[in-house]
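Structures given as structure tokens follow.
You will see subunit A twice below: alongside subunit B first, and alongside subunit C after that.
== the complex of A and B ==
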């Protein structure tokens, strides 16, 4: 919870929960700058983790919001390739204009999100299980339809110049344009969560769903909308990857499930819900991207890379938790005035 | 605000202090490759590690950039090429699995003045088209033709080609080659594509193969695109009770596969000598960028070679040492 104070003090900033995430990021960044040298800390080095953070970030923020609201969505693992394959098949295989392909991919995302949301609110099945079912259903549908329509499991896509400019270009040859979409998404979701009434509703739902509904919050509608947003975001990342890399694969999204949850948890969102912030999620995404990409800039043998990634992520989360405990249990000294 | 500014300043100070000492020395050979726990790429990595001794004796370094998984093989490899550019690599060795996705990145490297050498996947034609130093590896389609013809000569008429990394150009070419190679011998071959998420999951692969074999009784041969999958296929065939009827073969091989060839339960393996691929890719790349040396014949083919009961003993010795 953000309680605005009259003056901006160092102590006040340190006690914000996101500072734990920021310090984790700073430590990890310093680690790789030390071992990776000037190459890692240069703008071209930054492109490595910014590109990874952008795709992961666009998905992680709605997933984080869902987690704050007390739900989990793992069907994004199939929605990413579904988005890219839909766009590639519609615009690459069938040759329709790219706008139709993009629209079809986003519509598929909305549909699957709608199904997820309705199943979660109407049945008593936990969202983890519902989205697990959707994960497999969409994966099977995708593989079956892909082989039926195209005879193979990867489709190439040659997008036109406008689509390439908006969704598929490498700015300066190194920065994916997805980074700007990520910044826009972060600003949008930051506004929703922190400055609009819906944000309060989401936090309330995560805290106690029954009380939230009794207080008049339309929990069902909000849940369905959040699921639709996360599926559409995943489909968006999928189609932008297809346009960026000129080809789509049937299985190109499984790692997003785990990575999105890691990014969100490192960013300070509680797995049990009711607590979190968009700034934290963004910082958590960057931390994850820095850890997984920075390893390439060090001279370490590639065989040890997974070990180092695991240790660094654990360290970042522990630092985060320590700071959150300190932030939540702080009480001002009496008589010092506030 | 003050905390953040202080931290930014500290980081800048640290960076400028380290500016002179890059962690990776001049003449860095960047190699993009598969996961280190993949049995095939483990042998490629051994070749790379052996060649690293030579590169380090010349005063250079080798940096192995590996994929975390094979879900998005083209996009991830393209990203790693760009990472290698950002690291200031002197030369990049990369397999061209998905040309649609990777060609742009390779051209970006060349535009940045970094020569590129292709290995393991891509073919001689692609290397010439991109202006790469060379291509070291198998011609996958030719390997498939050899495998299909071998099946046909041994009386197999219906062979399935199990592909657990669909979308990778080199593996698609293998299955296409098998399909074309068996036709002159009067047989037919179809591909069984399994989703890349089952790569490395032996149970999933074994069950899928067993189900396919039980469902179609006319199949009399199975060929897999990797040695690990051949192990799964052997399990699947055994579980289905079809060991005598189905001839098993694989592209690439490992210890278990060689034992099966010796015991007679596997017909043959197509060998592309992964150790040679890794070793030659790195040493040729280093020699080119450091001394301007280049092999005149292009492509440099490391396969296909057929390992069957005729030459199994010689192969077993190399396998024991981790080279085959």
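== the complex of A and C ==
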């Protein structure tokens, strides 16, 4: 009996979920290196897109896992400012230790995620609608409470040196420390999705929820946990930005909704669930960040970047569909006939 | 004759005011294929769902090994050894063969929180289980399930049920969506399952397929068992007539033959 060995082959690479993204990123990178010149390729140029990619990437990975599991969470758009405002109000306005502020922001994220998850699991209302509801509810609550407590919509926050070192420093003056949190998050989620048994449960849940439940997978609990992770990740990005920029605003973060979805879909995750990879989401995030930041290094008007993002998204989806079909129709040539 | 593994005694099922099943009594024995025949809407699906724990009967009892049981969930029925394979295999098209084979019971290696899914072992066991059932064309556990043919997918699902110790295998129209050659593969797998001593409930409306593997036949009409007979007791025509609601198929044939006899061998012209 012939069993194909797992060596690196071109065909094998092309059948992976992130192959389309990788090609897209290569094209985008080449494009901006060509038109952006040495400034884009410099450490400062790299920092500009790495900083953007890091905070988006920390949110995009759990959003991608939710999408692989067949769900969607757009309430992150409110959770980013909610995380930064909670941290700033607790530690800035009331002057409590920064650890309390960080804990409060993460706890709020866990709570909103729990509500999202329980509503989705119990009501069977599509998660897009449920999280659209919590998106507005959290935004309204945040604005109302912020004005009620502080009288303004912007709160300043002076974090101590330890908090600055961990969450809010610029390494070498240009690289946000968030980049390392992003790398840690990517390694953690990569382990969960691709190596641990839970990853198999997430893939199975997105492929066929009823069969997965019948196979003994705790689909409800897993869904709730994933919603809690995405909300907490958004709150984490929010609080780290508050610490970095020494202040928090009520209205900052709606752009994360579409940006995260674009990064995830460009990264080869199937919108209907059951297929995708963490490497793909990371590459999709980088692609998005390179396009939005790289444009400033070219001679073009920055307004063109949305056009590129739009075309890129459509191109990536078509490419990903093609590669997924290739993966589906693949069978080893063993010469066993028909 | 051995005692039945699974027996239904006087099962009734109604959804609100609608009675779907009336007084169904059936038995399945180890190493035996029970073919459940019936036209669309005869109540076959509801009956399967009762056996696999999706629905609970309104009245009547289910016995396993002579003891009364009740399945609150599909999971409970599975734990008791009843596995159901649906028409399209019920598997995950974008997962690899190895991963989908072990959904929920993943083999792992390593320790504590660093236990990792053992891809090599999962693939090897899955491929061996399918090959043991006679599908030798599946050699790579990394292939996606969606890339397999319909027959191969059915075979994979049946191999999975057998591997995880099913004693009763319920096959819901496994051959309905398949071509002739693919259907033959699946029928061969059904025979293999039977040879291994599983009790098989084979749901179909294709009499040919039923006759190829069945030991025992039950015809459902409008939610009741209209006929219950063993292999060789009825011809194919008789079974088809039964399924179509008794004499109606025969009278249609007689009508056409009568027309042709009186019109010099021409069939009736099409009416528009």
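The working rule: the second predicted complex is superposed on the first by the 293 of 338 C-alpha atoms of A that agree within 3 Å, B and C clash if a C-alpha of one lies under 4 Å from a C-alpha of the other, contacts with A are read in each partner's own complex, and residues count from 1 in each chain.
Heads up, the rule we're going with is that a contact is a pair of C-beta atoms (placed from the backbone, for glycine too) under 8 Å apart; a residue touches a chain by one contact, two chains touch by 3 or more.
Predicted, not measured: the structure shown is a model, and the values here were computed from it.
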{"item": "Partner chain in contact with A:298 - subunit B first, subunit C second, else both or neither", "value": "first"}
{"item": "First (subunit B), second (subunit C), both or neither touched by A:31", "value": "neither"}
{"item": "Which of subunit B and subunit C A:152 touches, first, second, both or neither", "value": "first"}
{"item": "Contacts of A:274 with subunit B and subunit C, given as first, second, both or neither", "value": "second"}
{"item": "Residues of subunit A touched, compared between subunit B and subunit C (which is higher)", "value": "B"}
{"item": "Contacts of A:241 with subunit B and subunit C, given as first, second, both or neither", "value": "first"}
{"item": "Touching partner for A:323 - first (subunit B), second (subunit C), both, neither", "value": "neither"}
{"item": "Subunit A residues contacted in one complex by subunit B, in the other by subunit C", "value": "none"}
{"item": "Subunit B residues within the subunit A interface of the complex", "value": "1-4, 7, 11, 14-15, 18-19, 21-24, 36, 45, 61, 63-66, 68-69, 71-75, 78-80, 82-83, 85-88, 98, 100-101, 104, 108, 111-112, 166-167, 172, 193, 195-197"}
{"item": "Subunit C partner contacts - residues on subunit A that touch it in the complex", "value": "1-4, 6, 191, 195-197, 199-201, 203-204, 207-208, 211-217, 270, 274-275, 324, 327-332, 334, 336"}
{"item": "Subunit A to subunit B touching residues, read off their complex", "value": "8, 10, 13-14, 19, 22, 26, 29-30, 33-42, 44-45, 47-48, 51-52, 139, 143, 147, 152-154, 156, 170, 173-174, 241, 244-247, 249-255, 292-293, 296-299, 301-303, 305"}
{"item": "Interfacial residue positions of subunit C with respect to subunit A in the complex", "value": "74-75, 78, 90-95, 99-100, 102-106, 108, 115-117, 127, 131, 136-137, 139-140, 142-144, 146-147"}
